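Written below as structure tokens is the structure these notes are about.
Chain nomenclature is as follows: A, B, C and D, assigned in order of appearance, with residue numbering initiated at 1 for each chain independently.
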Amino acid sequence: MSWFFKSKQVNLAILVASFMMGFVPYFLEVPQVYGFANTLTMVSAVVGQFAIVIAIYSQYRRSLRFISERRKGWVYNIYLLVLMSVMILMGFLVGEHHASYMWLVNSIVAPCSSVVYGILAFYMFSAGARAFRARSLKAALLIIAGITVLLYQAPLTGAYFPGISPYAVFLTEKVGMSLNRMFSIAIITGAIMLNVRMLTGRELAFMGFVGEEGS
Amino acid sequence: MGKEDFNLLKWMATYDKRWTYLLLFILVLLPMIYPIGMPISVSELTKEYYEQLETLEEGDIVLDSWSTEYSGYMELKPGMISSHKYFIKNGIKLFICLGHPEGLALVQALLDEELKSYMEKYDYTYGEDYIILGTALPNQAATLAMATDFQGSVKVDWKGDSIQGTFLDRIETGADIDMISDYTTGAGNPGLINHIVLTFGTPMIQNQIGVSLPGSLANKDAGLITGLLASTRGGSELELLVNEPGPGLIAMDAFTLGHYLLIIFIVIGNIGYFGWAKRVSEERERTTIR
Amino acid sequence: METWIFLSQIFQIFIAFCLFTTLYGKGNPLRSFAEYSYLAAGTAMSVMWAWNYIRDHAIIGLQAGEWIWIPAIILGLMMWFRIHPKYSYISRMPIAFTIGIGMGWTIRTNIFTQFITQISATIVPLFDQGAMWLFERTVIAVGIITMMSFFIYTTEIKGPHLWSATFGEYFMYLAFGAVFAGTFMGRLGLFVGHMQSYMFPVWKQPYTLGIAILVFVVMLWLDRSGLGEKLSA
Amino acid sequence: MITIVESLFHIPGVVSGRALGLILIIGIFILGIYYMRRRKLPYIRRVAAIDAIDEALGRSTEMGRPILCSYGRGGFAYSVIAAMSVLGHVARIAAETDTRLLVPTGGSHTGYLTRELAVDIVRSQYQMAGKPEMFNMDDMPFLSGEQYSFTAGYIGMLVRERPGAVIMTGGHSSEAMNIAEMSNLVGALTITSGTYVSNMAALACASDYIMLVDEQPAAGAYLSRDPEQLATIRVIDIYKILSLVLIVVGLIILNATGNDFIRGLLAS
């Protein structure tokens, strides 16, 4: 029986078949097929959610290894496991809407999540202060565009010197936008080509077919 | 004397950047203690967004998608508050879908704290005027399922109560949604555009963080979204338009100073570069931009 | 105000400034504490999120007699075999299924949103809306064409292609300047909004400033005494 | 005019307005399979990034410091697969020059899948160089499946090991800026690649060399000489040229004659 699960051909067939179910009905005027494909889409969304257990497992295993080997920071790993377990248990026992669960969410997740992104303002700042030096024509163009937009974005200059706004709007909404448009046109084919390679069985490492393994 | 000048220029080229971090901290916190109240202007982009809001009529149903972490909420807060105040004031029906696990904290922060008294003032009640569907849109698959068969894919609200008998009975497919109002930190949920806007032509307005603005501008130019509110700045402009001054306008002082500080340090860096680094050809700062 | 809410608000400020000490560039226990708290709570939330989704669809669907959820749950459970090296092959099927479906629905729509619509939006009548419109739309088209020509790899760059690619490269740096400024605005907005939630209502201000200074001083002391690196994770 | 084009492209049974998308995708499949089956390798330009990588590796070896190379924290996305080729190249040179190679892995729930491939690639490069004993699993740690503890672990490695070069390609998102600034602080030569526009603009400022847009897959294909990757680049180029032709021809026809043929075509 195990050959069936191991087989490259069987798994590839499932991949192709499910690709077809996701892909084809969109283009066909057959509502029944579309409906079934939709149900399958929801099934795949549910199946995908099960993967979280694997993430949890690897987190526990990693932390336990740190603790058992007394590696640097092992005490923090004890704390991590305790807090995580307590929160998961609370979620299941008292529910997510309970005040105690929400207390932890509001006290830990909310501020930390804000800091990890907000801290990027500082990194952007130092990178900008370092790179915006007129070393060449390229750098000069960067500086001109950057400072114009910065001046416009600062509300004070935006309000007192409305003359700057058409240039800044032009730079962000036209020049910046065209870069993005070029980017999206340029990368879409690559992504589809990766799918071509997967569907023709040339790139199956994502299923665990690494190296010569598989039959 | 000459030696001291030399040192200053050298410092300008090679200062420890952690000083700038400290300065930025101080300049952001200070105007919150001593507000200056700098004026702002309203951009065309925000005016267009507001015009889109004005196309809604009382009783219209809006898909209110919060695909943001708590951190993104910090940036989108002014826009979220003023948009929702507009919805509440004009009796527009909302069903809120969360696109991120941290959305739960947002419900408390936005609905239970910021907007509570406002909702009471306009008698805006749960079940009748708005419904929270919770984790209804975690990914594209779920969005697609909701867009094609709403009643089949969504049965309960975030607390597990049935949604039958509410205004959501009116929705069969994405075509019955009058507008999508999306608050996102990037691609967020591409399913909204892919499966609702493209398929049913539903208008979609978006409140986007600054980082992901170029992508949204391209989408707006291509007509995929009809209104775009840019970052905190856009939010505070909307506060002016809906005439509900809030956190955005207060933030603008710190916002201005933060921008000016960067410009000042760019100037300092350039003086240092031409005055010292280039002359002694000892450029220590490394970057691609050459 | 309730004590618990007050404590939560104070703790928020404390843990946020602990995490901000990352900027100093050296490890310290305050930062490690904040980081591990976030990791634990964030992971726990993801678990609840996944469970909610499974409950709202599969479990409720099963109760309503929708048989399709039985194979869905079996496939999901098969995914768990991934963790056992010997039996990990069992997980290949659900992975093939989810990735296959995902590929199908992504590319079928991405070709419209990222390719066709973007090209179509670039092709516009140039001459009927004034000089400014003509200029802007020409810049967009020329920008896209020249920048794209810089990123063509399988032909040699020479002649007119070289001019186009060089112009495209310069154009790109102009765009980078604008995009950089926009990104800075976003991150700054986030940071300002975050600090605002600690400075308003006004009663929070002394606590926030006090905690900020305290964390800063402790961090400096830990660094000077050499304890910082030692006690951090 | 539009209606004529639409009827031209109206395939019975296919939803109207979606035919062109279908044709374009089928076109990619046909071209892709054709070029992958063809034995002859297409010409590919050597992108400047490769020189930068070689320079960075040489610098690390000279200074006696390790090299740090990461391929992103995502699942099997296009950029991650391409970054694996870069990793293979770096691992080969590291093995040849006896330089220590560090590869942080993980960072997302799908990170444990890509990790297996990465370990396999690095190990096989050491074997091919005849130094299998030099391969050390501890230098490829799994830094948790969560984005920000991955980042923290990554930064921890930078601070502890002080690498001479950091090559960060593939699927990195907002944490990239964090890593790039820290890598600059510890004095490593930093080579990055951006996965979205604003990330690219920020990283261009923060790193010593950046691979823009899809230079990184192109570099990967060049380094690996893998016919399938080269075929991919070829097909991408064909579609880029197609899009350029559509834009130019569409603009000319529309503005010179008022004929809306190309837009009609695109809407079909």
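Keep in mind that, in the parts below, a contact is a pair of C-beta atoms (placed from the backbone, for glycine too) under 8 Å apart; a residue touches a chain by one contact, two chains touch by 3 or more.
What you are looking at is a predicted structure, and each value in this text was computed from that prediction instead of being measured.
Of the two interfaces, C-D and B-D, the higher number of touching C-beta pairs belongs to C-D. With centres computed as the average of Cα coordinates, no chain lies farther from chain D than B. Taking each chain's centre as the average of its CA atoms, chain C and chain D sit 18 Å apart. With centres taken as mean Cα positions, chain D sits 29 Å from chain B. With each centre defined as the average position of its C-alpha atoms, the distance from chain A to chain D rounds to 15 Å.
A straight line joining the Cα centres of chain A and chain C is 6 Å long.
Looking at chain D, residues 18, 21, 25, 76, 112-113, 144, 146, 148, 174, 184, 196-198, 202, 204-206, 213-214, 239-240, 243 sit in touch with two or more other chains. Multi-chain contact residues of chain B, defined as those touching 2 or more other chains: 21, 71-72, 74, 102, 104, 138, 141-142, 144, 153, 210-215, 218, 221-222, 233, 255, 258-259, 262, 287-289. Taken residue by residue, chain C touches two or more other chains at 22-23, 25, 35-36, 38-39, 42-43, 45-46, 48-49, 52-53, 57, 82, 95, 99, 101-102, 105-112, 115, 118-122, 144, 148, 151, 172-173, 175-177, 179-180, 182-188, 190-191, 194, 233, whereas all remaining positions touch fewer. Taken chain by chain, the contacts link every pair, so each chain touches all the others. Of all residues in chain B, those touching chain D in their complex are 186, 210-215, 286-289. For chain C in complex with chain B, the touching residues are 23-25, 42, 45-46, 48-49, 52-53, 56-57, 60, 64, 101-102, 105-106, 109-110, 112-113, 117-118, 120-121, 173, 179, 182-197, 199-200, 205, 208-209, 212.
Residues 26-30, 51-52, 54-55, 58-59, 62, 112, 116-117, 119-120, 123-124, 126-128, 130-132, 176, 179-180, 182-183, 185-194, 196-198, 200, 202-203, 205-206, 208, 210-211 of chain A touch chain D in their complex.
Chain D makes touch with chain A in their complex at residues 13-15, 18-19, 21-22, 25, 28-29, 32-33, 36, 75-78, 81, 109-110, 112-114, 116-117, 120, 124, 142, 144-146, 148, 151, 174, 177-178, 180-181, 184, 196-197, 202, 204-206, 213-214, 217, 228, 232, 235-236, 239-240, 243.
The touching residues of chain B, when paired with chain C in their complex, are 18, 21, 25, 28-29, 32-33, 71-75, 77-78, 101-102, 104, 134-136, 138, 140-142, 144, 153, 155-156, 160, 190, 193-195, 198, 209-214, 218-219, 221-224, 230-233, 247, 250-251, 254-255, 258-259, 262, 289.
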